[in-house]
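Okay, got some structures for you below.
In the two complexes below, chain A is the common chain; its partner is chain B in one and chain C in the other.
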Partner chain A sequence: MAEERLNAIGKLLARQGILIAFVVFMIGFALLNDRFLAVDNVLGVVRSSAILGVMALGVTFVVISGNLDLSVGSMMSFSTIVVLDLHDKIGPELAIPAMFAMTMALGGFIGVLVGYFKLNSLIVTLGMLSAIHGLTLTYSGGKNMDIADKEGTWFSVIGQGSVLGVPVPIVVFLGLACLLAILLAKTPFGRKVYAVGGNGVAATFSGIRRPRVVLMTYLISSFCVAMAGLLQASRSMGSQNTVGQGLELEVLAAIILGGASLLGGSGTVFKTLIGVLILGFIQNGLLLVGLEFYVQYVVTWLIIILAVWLDIAAKRGRLLSPIA
Partner chain B sequence: MTTSNRTKTIKRGAIWGFIVLELIFFSVAGRFLSVSQTQFMDLDNMLLLLKQSAPIGIIALGMTVIMINGNIDLSVGAIFALCAIVMLDSQTWPIFAGLGELGVIPFAWGMALLTGMVLGAINGLIVWKTGVDAFIVTLGAMLGYRGLVFMYNGEQPTFLLNWTLVDMIESSLLGLEFPAIAFIVLTFLIWFLMTKTVHGRNAYAVGDNREAAVNAGIRVGPHMLWNFVLIGFLTALSSIVFYSASGSVNPNDGELYELWAITAVVLGGTKLTGGSGSVINTFGGVIAIQLLRKGLGHIGADTETVNLVIGLILIAVLFLDRQLNVKGKGELRT
Partner chain C sequence: MRTQSPALRLEDIVKTFPGVRALDGVSFEVQPGEVHALLGENGAGKSTLMKVLAGMHQPDEGRIYIGGRQVTMKTPLEAKAEGVVLIHQELSLAEELSAAENIYLGELPRKRFGLVDRQTLLAKAGAILERLKCGFGPEVTVGDLSIANKQMVEIARALTVDAKTVVFDEPTASLTDAEKVVLFDIIRDLKDRGVGIVYISHRMEEIFTISDRISVLRDGSYRGTLITADTNEDEVTQLMIGRSLDLTRNHEPANLGAIALEVKALCCGSLFHDVSFKVHSGEVVGFYGLVGAGRTEIAETLFGLRTPSSGAICLEGKEVTISSPVSAIENGISLVPENRKEQGLVLGMNCRDNITLPQVSDLTAGPFVSDGAEIAIFDHYRDKLEIKTPNWRQLVGNLSGGNQQKIVIGKWLSMHPKVLIVDEPTRGIDVGSKSEIHKLIRDLARQGYAVIVISSEMPEVMHVSDRIIAMYQGRIMREFTSEEVTEDNLVQAISGIVANGDRAA
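After this line comes the complex of A and B, so read on.
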């Protein structure tokens, strides 16, 4: 019992570590620039983080179950291109569900390969990164997609509209975050995801059907990717074939920053949310302070290394690695 | 025992079998489908292929060492771009002025190689000292180094054409141009390093079982550091080979190179978990990918299908590897 409480306190501290960093950043930037905490700026940041954030929420499930998903970037390009193309062909009402079905079919394919055939998720999704990119280019013929009649459709509401003054992407992002947080923290399925990632063999012995859980995590991930693609498509009403390129690694960066372990078994939706927001606010803060946008890459690098290092150091009780 | 030996041989030869299959397929299919008159199996075509595969190939050699070591390096694309910028830009530095077009070359190359080694060393040092997984360290570095690339010259491309350098790179020996020769020689050198030296043996030992390697007295930290320096060095070399002739680098250059290099290494049969793999088979993996690109172009397929096919082949290779592996090795059947 005592051990359990210690564990709980440790977990609490780990969670607060990233929160403290977040608060320090916010205060620092707020002192440097008084526009930083203005409502429209904050809403702007959350809104522009929403697309990355929605994807990160889904990939969190995959990472907790001990796998990786490097294909989300090119999958997002795929769903963006597909929904834009189908919008003009069969109308938005049919295009959206069709796009979700196609994207989730891809996610399901990965899930079957990783779950049922037990292939290494890094390589499978690396292969799918390339394959889906090819699929997207073949589908679009390499051309950019545009919605022909940008005024005469309600499609733009999803990416550009707002509800009670709050932009729809933020509503979608936070709504999805709440939903997935409950799914992960409060349901038997969520517990199974942790079990599979924490110790797959033990999970199997305790009667959890591991392949099915893994498949589900990839379905959730691809659902989120489809949602992100929808937001992207509706926001810009047109797109290149490479719109999602490189996002897979930014998504992972956000999740790692949130404190999830890539080995699986740890991480929460809330932490990922914080990771996404930290990335977003750092980017915005550095711009407001007057630095070039690419400085954020260097800062993100340092923060990721520091965050993970301190996390590991706290767990092993010493700062430097014991490896000679 | 015999069956496991046979599977081993099959697995070791698989990539070469695959290359032969590709050659046959594209030669035959090329007869019927090709738009051009030239044969696919033309000698010049094959030499060109070797030259074109050099940039990714040289990086993939370093990636093989890193992956045998049980690590991974996602930052090579950014290192590639930064080294190129340093190499081109350093030729205009005032300290090197007065050396002339020929005299400046060794210094420019030296600066590029130094840059690559330092960036690799930073990764290696972080992996060693902090104990953070190489995947995370180099994922961060991929962003960070790319940031440095942009900070160097903004979003502008960096140009510099040194005609002496261009002539040098494009000169050829026995029909092989400089990049192809560099690729072949380096493959041999890294093969020698991995199979005939203590360092190579240690690399397999560390990748196979890090704990055991520590207990056996291998200084694992510095060992991994050297490997990161090596991949930085090779990436810089790859950058030199590529940009000496082209003379222009965009800040986005080298993006996704890490993924291509990893794909080539995995096609060559190196395990992500470390401890096994072969430099010669990586060479095969690089050639196989380049053959596929060229071959699909030859039979008139769109360039976009190349990505699709390579992705599916990567998954198929993994699938076959799974089937060939002896089952039940401490593994749970579920």
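After this line comes the complex of A and C, so read on.
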């Protein structure tokens, strides 16, 4: 009964509901399609999740500190286009750091607006989503960007190569995840991110420089976006202006699936990693069982609603509540 | 005494939550036309009992009678239909709507096409407001009203149903003295109409002013009912905490060291003017005054949250500039803020991390936070302040108010401050933990800390301070030693009446 308080099993279900649902999904897909759990399919899913995953890692910091970043999709398009364009102009050795600097300048700009000017992050990053898109189109003149001599450069190694049989994007994704997990869980900076997101006023009253922490989270986020743009550019060696479009919502979906609160103060890098993989496997599974690609948009949305609902239900101890 | 059946009667109510027996066989009744005060420390079960009454919780055992008839109330709506109305501590009004709309929210009079019948609405709401002798009309936007008047709107809402029992949950928490008088008039008026009133409050003097009987809960169980006219505060307190509370004046001789803090002619815009005082190490200086007298603002200025417009702050004889909390902390000033949950703690963080938060950057081994150093600090202050928590991993939000406050105090003691400012040390803390915090403040002075205590409670300020500074409208009116101070001269000073009887400018 919805009105009754949840019993112990109900609470476990609610708290771990997403993981349980994930396992059910996995078993179901595995039964429906024997290729689903094959090594090459699993590696394929992780690899195709890597770009989204790298972005989600960075945005995790922003979300834990109590803010949002909706600009990462269009920022990723920007990074991709810039690095492809500069590749032919100044060579990959200079193009990559130049692209990182430009992307992180954008992140720093957002960080200053949200951290020091204390503007609402939703408004700022929604505006930046559009502004950066405009910037990208202006930069490219609206044309697609391609590397002219695709064979004569080492640039493709980042997106297409492999280390000891493991594709480089997976190495980058998991390596960055480890680094950022340590940064968040083990350093004073990570602690401050949680404090600022958990209660910004109390953090200020404890002598934490809140604007500086917020700025840092956006710099980390934009660093990750630059990394994702690099992986994307190197994988495809050419790109449209809109390659990152819509990724901001998938990033948030992965973070929410992982169990972080959009109100800030909770979440971990590991949880985001799980969220990214859940999203990746579910989308892959839907394709393998023969559903049309576009169905995944609807299913992804349904899963997010389910995740948020279970999360709230676990917090208030019942599935439906007369009070919010 | 009375022969009619009680307006409301609860018998042997039991309510358990996982791991807690929140109500353990509580019985309670209100007669029509009676004000029955319900008292108990935080966690004694008052709010659970009220939620049972309001249909928000279902009791596991026990019976509820209204007017002699047994009832079950499964939702707040059913409770309202039975004539039980709860006036919440936190008001639940729609700020953007008019008083009339708020009063009839959910049952607005309709005309054709489901549109709101504005004329009927205003007429009906106006009549109720008039009956309550409110000084405002039904059209006024609720957001523009004072807190007391908002409460009137809540009460008016209660009167739209034929309320047989009205429950007031800490109604005076944010009212001024004048507004309290109005509220009490209304309660007496309801009483004259034969409505049964349940009055929940922490404030003794109010309970003795307004109530006919007092019932006390402790640890979820019923401890007894006293007739207000035949009892006194001591007896009630004993029933509440099982012993009496010592709130006598501080007689301990001050053990003064050097001057730790000297403030010279400090001004901050219109908030406070020409404030000068000294605090010695080993001394507790109390700041007493009405809300808005500028006490908290002085604390915030000393802690770098506000910029003074003129004047000087000297620490151990050296003038310092404090531009931010960071520089206040560097200079050895710590602030236990007024609002524990909003300013003092990250409720979703564990006990250890809250205590070490201001110094986490310094507790490192290489680039990482040192677990061992943090736990050592936590253990030290848990023992020193007797913080009751199963372990350091416990989230601060799960602790009682008293223990939360000790976490905030521990956090700042761990910074070894020269000056410790404590703003409203026991706000929202139950009576038992109150005396522990008071004892703690005295202990700190004995250990040589310079302590500033800001409080709105006169017994508290008199109990802990070596000296008391009385403020009125942003100015220091008078300084008292603990020998000079009396309730009378203190009240005069904070009301702007100086010692010789002249009214201050």
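Throughout what follows, the second predicted complex is superposed on the first by the 304 of 324 C-alpha atoms of A that agree within 3 Å, B and C clash if a C-alpha of one lies under 4 Å from a C-alpha of the other, contacts with A are read in each partner's own complex, and residues count from 1 in each chain.
Here is the rule we go by: contacts are C-beta pairs under 8 Å (C-beta built on N, C-alpha and C of every residue); 3 or more make two chains touch, one makes a residue touch a chain.
Bear in mind the structure is a predicted one, so any value in this text is a computation, not a measurement.
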item	value
A:Thr138 touches, of chain B and chain C: first, second, both or neither?	first
Partner, of chain C and chain B, that touches more residues belonging to chain A	B
Contacts of A:Lys186 with chain B and chain C, given as first, second, both or neither	second
Partner chain(s) touched by A:Leu126 [first = chain B, second = chain C, both, neither]	first
Partner chain in contact with A:Ile305 - chain B first, chain C second, else both or neither	first
First, second, both or neither for A:Thr204, with chain B first and chain C second	both
Doubly contacted chain A residues - partners chain C and chain B	201, 204, 209, 322-323
Touching residues (chain side chain A, partner chain B) in the complex	70, 113, 117-120, 122-124, 126-135, 137-138, 142, 201, 204, 209-211, 245-246, 249-250, 252-253, 256, 262, 292, 294-302, 304-305, 308-309, 312-313, 316, 320-324
Touch list for chain A against partner chain C, complex	3, 182, 186-188, 191-192, 194-195, 198-199, 201-209, 265-266, 322-323
Contact footprint of chain A on chain C as seen in their complex	56, 74-76, 303, 305, 325-326, 328-329, 335, 337, 342-349, 353, 357-358, 360-361, 363-364, 367-369, 411
Complex contacts: residues of chain B adjacent to chain A	74, 126, 128-133, 135-137, 139-148, 150-151, 154, 210, 214, 219-221, 255-256, 259, 262-263, 266, 272, 302-315, 318-319, 322, 332, 334
